[in-house]
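Two complexes are shown next, each including chain A; its partner changes from chain B in the first to chain C in the second.
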Partner chain A sequence: MTRDTEVLVLGGGSTGCGIARDLAMRGVDVTLVERGNLTGGTTGRMHGLLHSGGRYAVSDQASATECIEENKILRDIAGHCVEMTGGLFVQRPEDSDEYFQEKLEGCRECGIPAEVLSARESREVEPYLATDIKRSIKVPDGAIDPFRLCVANAIDAQNHGARIETHAKVIDLLRDGDDIYGVKVKHDSGPGKRTHNTAGSTEEITAEYVVNATGAWAGQIGAMADLDVEVRPSKGVMTIMNVRQVDTVVNRCRPKGDADIIVPHETTAILGTTDEEVEDPDDYPEEQWEVDHMIDTLKELVPILEEARTIRSFWGVRPLYEPPGTGTTDPTDITRDFFLLDHDDRDGVDGMASIVGGKFTTYRAMAEDITDHVCEKLGVDARCVTAEEPLPGSEDMSILNEGMDNFGLRSPVARRSKQRLGSRAQDVLDTNECNPVICQCEGVTRAEIRDAIDQSGSDLNAVRIRTRASMGNCQGGFCCHNMANELSHEYDEETVRAALDELFQERWKGERHALWGEQLSQAMLNYALHATTMNRDNDPANGSKAVDFGAFDGGRVKARTDGGE
Partner chain B sequence: MAIEDDVLVIGGGLAGVTAALAAADEGTQVRLVTYKQSTLRHASGLIDVLGYTPDGEGPIVDPFDELEELPEGHPYERVGVDAVRDALEFFDDVVGDAYAGGHTDDNALVPTHGGTVKPTARYPSATAAGVASAPEDTLLVGFETLPDFEAPLAAAHLEAAGAPFEARGVTITFPGIKRDDAKVTRYAHLLDWDESVDGTTGARDALAAAVSDHLEDESRVGFPAVLGDDHPEEVRADLEDALGVEVFEVPMGPPSLPGMRLEDVLYSALEEKGVRVTSGVPVVDYETNGDPGRIDQVIVDRNGADVPHHADQYILATGGLVGKGVSSEREGVFEPLFDCYVPHAADRYDWFVDDVFGDQPYARFGVVPDTELRPLDEDDEPEFSNLRAVGGVLGGYDYAAEKSGGGVSLSTGYVAGKRAAKQVGE
Partner chain C sequence: MSDAEQPTDSHIPGTEEFEPVDVFPEANEMDLRPGADNCYKCSTCDTNCPVAEVDDDFPGPKFQGPEQWRLKRQDDYDIDESVMKCSNCLRCDSACPSSVPLSQMHNTARAEYVEKHMSKYSREYWRNRMLANYRRLAPLGAMFPRTANFMTSLPFTGFLGEKILGIAGDRDFPTFATETFRKWWTKRGGAKVSNPDKRVAYFHGCYSNFNTPEVAKALVRVYEHFGYEIMVPEQSCSGTPMFANGMLDDARRAAETNVPELAAAIDDGADIIASCSSCSMSLRQEYPELFDIEDIERVSANTWDAIEYLRVHEDLEGALEGATVGEEFDDFAYHAPCHARNQGLDGQTVELLGLVDDVDAYDVGDSCSGISGTYGWKAENYETSMKIGEEMFEHMEHAPADTGLTECPTCSMQMGHGTGYEIRHTLEVLEAALVGSETGDA
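Presenting the complex of A and B:
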């Protein structure tokens, strides 16, 4: 029986995209389906930390070792997604000396460069650290953009022949006896790039092998074929600050606990996090205490956080897993290692494996292991090259060097655009068309927005994750509408309107958790711009009832500038 | 020694200026103190009175039909319908030819840069030819360097909204704009001074020439609101002569030239009426003298020096959340200057609803006035006998949803100014 594709990957997060890239580069025909946007699950909802491994240097040395190895690889293959900020494990007076020592030794045992800094030296690195801190350990933590990394994997998979279908929700697994041979998906629109207000279709996609890389949702997929995948979703909050209060990753040096990390990320700093098991990865409470807890605990490390402005908070759901019978009650004790569940070995059902657990920094190594497994199943003999071949955008990082072309842009905009686009900068920014700035907060130009639209269709959230447009201080109040305007060259007015409404509502979702002080003022301004000036809340175009235009003031007769009546 | 006036207005937006003008009209000595740039430059320059009821019914044709029905506590209910009418007349006198719409009580439906229409009571004369309630075919012109207004999209949106005319949009290059990120004021100045764009042709002729190729049988042409800052009438007249059709402006987001022009008109009026204006300085504190229910003087921070300002009557016109006349912390919402009572839920997660355009409690944050517009404390007693509050700092209404911001500022400013003046020396 011929199949539509050799391997079908479910899930467009870092794991799924990493697997799709690896398979495609090994010459395997692969199709990836994702129910929403790429990164829409857990990948797009993490704190953007590129682990040095220091975090696991005491509790899980195997993970720590893998982290530092992958950390180095990602700097090479995804330089345009990484900012090597360095990291500190900061000890406060009440934190244990013994643990500090264990952390230091653990780092050294795992090959993680680690150096002890005195309180004074620590504050030279990070002036806003609390004055009463004791000392710190300096490690090579970094910041990484999960959106760009994941999208770059997907683009590279496509460049190697893969089919990537976003907004394609799996509604059934196709199972014939003890063999899973594909899925049925519902396309939101299409198939193909998403276009709002376009009818979708259902499609059966058959495959030699199915890889369930849906993370926290893996249990739901498994259940479609009566397979138990005991994933234990655990939520964590992340709170985004308006500026980088720190330029280094700041970790609290204590065994475990919530609210113990600050990651500088692009123009912001991200506070994290909590760890609480939830029943349903799509429906869990996002609570005030979690946000307050971030600020009130992390201000012990960086006191200015108390008065600082947060621009939004978001929650992610970890796809934690532990083998049946382990019986861990506290989710913070569940291993961060990943598990490959071969349903043939495990359940006697052939044709599918599920991936659960794992963490973002080691996504590539996970993908390599899983791809090895799939290749073995398919009898494919090809070597993994994902650790050596740079991702699109990181082929030639000389573009970031000083003195290079600014493409007619003002220098801050040019610098930030080039950092985002890496080696694609020339292709995207070197245009004869005029190229105004669309998002002022993040310095995103029309050319970059249109490049993202070319990739992703009418979905402005997909444009957002590719470009950072609407992710700055104004949270889209000033630029959502301009982003939508850029869609109008390819899409009709109704589509543009639907896309704008969706983006604006998504921005509000996270902003709700930051509604006090400056950001409440910002929220009111955004509301006023969109409701008062643009009347988007009561747009007659959305109304069911036609407006009788003739009943309204038709203006003065011949309202010419001579004032004639 | 303290600076002495009869009436001191704190805040220089539409409400504060109106209050100052109304008080000065009564022959009192008025001072207006402003700190930051007013939020007028964020505003479209349209003067809304009431476009939708608090229940979301609308668009309303005649706001005066609905004003009587507003719930107790709404600023319009506090001042009464007649005051709204008087305040609009007062505004019409102050702005003269710069604004239109005063010939009728009815709202006009005006196209804005978002593409759809909004109901409004007064509009700049520059916008008058463009009202969507007039069934005239329309050409909208956008500029490729101005991403805030996409003319073909806006035209399609007007049709989707049911506008009773054919609308078409074109995007052109603005003659003389060299930088892709030129500010709107750059466009305006090119036209104001009719700068030469190629050594011989002036900007106005060059723009008209660029548009005329696209003009078919439309009887009016709409541009984003960049048609001059200092000489908008001349610019528009020249364009109309060159094109042979009516020309209008589509109100835009910030920075908004119509908002800045309104600011200029209002500040000229303050000067004419002898209002003393002190700008760039914050009021940081107030003092009472014996009677805790009466403000004796306020303290202005002038470059670090505390300068007492004394008046008989005070008007609080510091704006809402945007203007920072209402502030908040994680634990609560407050009026930062006089600590007037601002009702709000104890739990900040009750300050909002999940639908971005839903019935947002935060949009109604502000002080609670009595019918004299004196802010009330938690027990419904006036906080001070000689303090009135106007405009955005007032609570109990959602100006964005109702499209009522301009009218509330005018009517409460007008009433507070008149009453404060009358009370001087009592």
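Presenting the complex of A and C:
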């Protein structure tokens, strides 16, 4: 029986996209389906830390070793997604000396470069560290943009012939006896790139082999074929600060605990996190006390956090897993290792494997293991090259250094744009057209927005994760509509409006958890701007009666004569 | 924490004194990113920026300040060159509803730009350095004032200035006084009033020393009229033209002279007064924002505008009520300098002159004069400068007065340049009303 594709990957997070890329590069025909946007699950809801492995150097040395290896690989193949900030494990006076020593030795045993800094040296690196810290261990932690990385994997998979379908929700697994041979998906619109308000269709996609890479949602997928996947979703809160209080990853050097890390991420700093098991990865309480608790704890390391502005908070759900019968009660004790569940070996059901557990930093190594397994099942003999071949945008990072022009942009905007686009900068930014800044907070220009629209259709959240537009301190108040305006060349009024509403609502969702101080002022101003100036709370065009847009004239044509040129 | 609990620090002793957050080795290395927290992008600063109003290529204070800072990482130095178009009028500071430290961000960014991106061999750098360090050149002019005035008045001097240095050829160089204020003060034998209970230290700045000593003399007579003992401490430039040109090292050197001298005067019981609104602005606001020098906060807290000081400490209104100035002065077209506006002093002159019987001051509106110190002296800014000034020129011409009045030296140059009027300082009018003019050298 012929199948639509050789391998069908479920889930467009880092694992799924990594697997799709690896398979495609080994010449396997692959289709990936994702129910929302790429990174829409756990990948887009992490703190953006590229682990050195230091974090696991005491508790889980196998993971630690794997982290430092992958850390080095990602710096090579994904240079435009990584910022090597370095990291500090900071010891406060009340933290144990013994643990500090264990951490240091652990790092050395795992091949993680580690150096002890005195309190003074630590504060020279990060002036905002608390005055009473004791000392720190310096390790090669970094910051990584999970959106950019995931999208680059998907693009490269596509470049190697893969089919990537976002907004395609799996509604059933196709099972014939003891054989799983595909899925039934419901496309939000299309198939193909998303266009709002376009009728979607359902589609059966058949495959030789199905890879369930849906992480915290793996249990739900398994249940469709009566398979038990004992994933234990655990939520963690992260809070985004408006500016970078630190330019180095700052970890608390103690055995375990909530709220012990600050990651400088692009223009912001992200505070993390907590660890609490939840029943349903789509429906769990997001509570203010979790945010308060985190700021209260982390201000022991960096006191100005108490006064600093937070722009939003979000929760992510870890796809924790432990083999049945382990019986760990505290989710922080559950291993971060990943598990490949071959349902043939395990349940006697052929044609599918599920991947659970694992962590972002080692996504590529996980994908390699799983791809090896799938290739073995399919009888494909091809070597993995994902550790050597750079991702699109990271092909030649040297051109980003001196010598590349600013494309007529103001220098900080040009610098940020080039950092985001990597080696694609020339292709995207070198335009003869007028190229104004659309998102002022993050310095994103029209050319970059249009490039993202070309990739992803009318979905402005997809544009957001590709460009960072609307992710700055106004949280879209000043740019969502301008982003939507860029859609209007290709899409009709109704589509543009739906896309705008969806983006603005997504921004508001996270901002709700930061409504005090300056961000409250920001929210009030955003409200005034959108409700009053734009009349978006009572727009006649939103009602049932059609507005005759043709009746509007083109505006005043008289040239300005009042001094402006 | 007791000494016993002091962390063991095998590398460097004396950790307890180390404070990297407050001790800035150089002002242009300050981390002002947290200041961006206050900005919620409302753009009120942009709508109040006189440069952005007339120059569509200027991105405005919101970009120059919080946006540019927020996009910066610790090691990034690529400040956009447009920061050199900011005239440093500080209107954005007063306009901001949310206390974003805009001018501090601009001053620091500009210094970084000059330090990292402007060639130290360029004409622009040396021209700016010269303009910023007027204090260094002025003594030469003051030594041979007649020769200097003759030279600068020659048409080819202006032509050469524009061609060689990029100084706007249309501008007339300020004339040097035949005797500086400090020379006059020494000749006079210093203070005529001795009063340990009422002492002021006069920060005269450069312009009233070298170019308009009549303003400084007027201040002396008015203050002595109220029974003050005046001290004239050693002093250097206030730093205003240096901030505006990104020459923070020069400004720091000047501040290192000024702050200890002024602090010593405070120790002697004096408050500090200035007749130039930019000098008082600098000592009060920019000094503590940009430098970390011992006593700088104390100097800032004890500095006053000379007229403001009398309004607070004396019954200036009572003394002026019904007074007359005589023949010398007629009505004035008054322009409040931006730097007076930023100190909340923009209303006081019109109010005070309203009390005097035979003279009135007509406010010519709240626009910027456009010269902003050295800004309008640069050939490349001349046009922008005159465009900003247009509104003020127009209002001056419509006011029923033929003489201009202001408290800022460069505003007065611009006012004179745009209208051909003679421009006076408010202290000269107060002197006439309170003491009577033409009092000789007394």
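FYI, the second predicted complex is superposed on the first by the 542 of 565 C-alpha atoms of A that agree within 3 Å, B and C clash if a C-alpha of one lies under 4 Å from a C-alpha of the other, contacts with A are read in each partner's own complex, and residues count from 1 in each chain.
Assume a contact is a pair of C-beta atoms (placed from the backbone, for glycine too) under 8 Å apart; a residue touches a chain by one contact, two chains touch by 3 or more.
Since this is a predicted model, take the numbers as computed values, not measurements.
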item	value
First (chain B), second (chain C), both or neither touched by A:R512	first
Which superposed partner A:R415 touches (first chain B, second chain C, both, neither)	second
Partner chain(s) touched by A:D539 [first = chain B, second = chain C, both, neither]	first
Partner chain in contact with A:E494 - chain B first, chain C second, else both or neither	first
Chain B versus chain C as contact partner of A:A531, first or second or both or neither	first
Partner chain(s) touched by A:F339 [first = chain B, second = chain C, both, neither]	neither
Winner by number of chain A residues touched, once chain B and chain C are compared	B
Which superposed partner A:C441 touches (first chain B, second chain C, both, neither)	second
Which of chain B and chain C A:E121 touches, first, second, both or neither	second
Contacts of A:A551 with chain B and chain C, given as first, second, both or neither	first
Residues of chain A that lie at the interface with chain B and also at the interface with chain C	410, 413, 478, 521, 525, 563, 565
Chain A residues within the chain C interface of the complex	93, 118-121, 123-124, 127-128, 131-135, 242-245, 247, 264, 267, 304, 308-309, 410-413, 415-416, 440-443, 472-474, 477-478, 518, 521-522, 525, 563-565
Residue ranges of chain A in contact with chain B within the complex	288, 292, 295, 408, 410, 413, 433-438, 446, 478, 481-482, 485-486, 488, 492-494, 496-497, 504-505, 508-509, 512, 515-517, 520-521, 523-525, 527-541, 546-556, 558-563, 565
Chain A partner contacts - residues on chain C that touch it in the complex	1, 5, 7, 9-12, 15, 18-21, 31, 33-34, 36-42, 54, 56, 59, 62-63, 67-76, 78-82, 98, 387, 390
Chain B to chain A touching residues, read off their complex	42-44, 46, 48, 51-52, 56, 58-59, 61, 97, 100-101, 103-104, 106-109, 112-119, 125, 128-135, 144-150, 152-153, 156-157, 160-164, 173, 180-181, 233, 236-237, 240, 246, 251, 253-254, 320-322, 324, 327-330, 347-349, 351-352, 354-357, 360, 362-363, 399-401, 403, 405
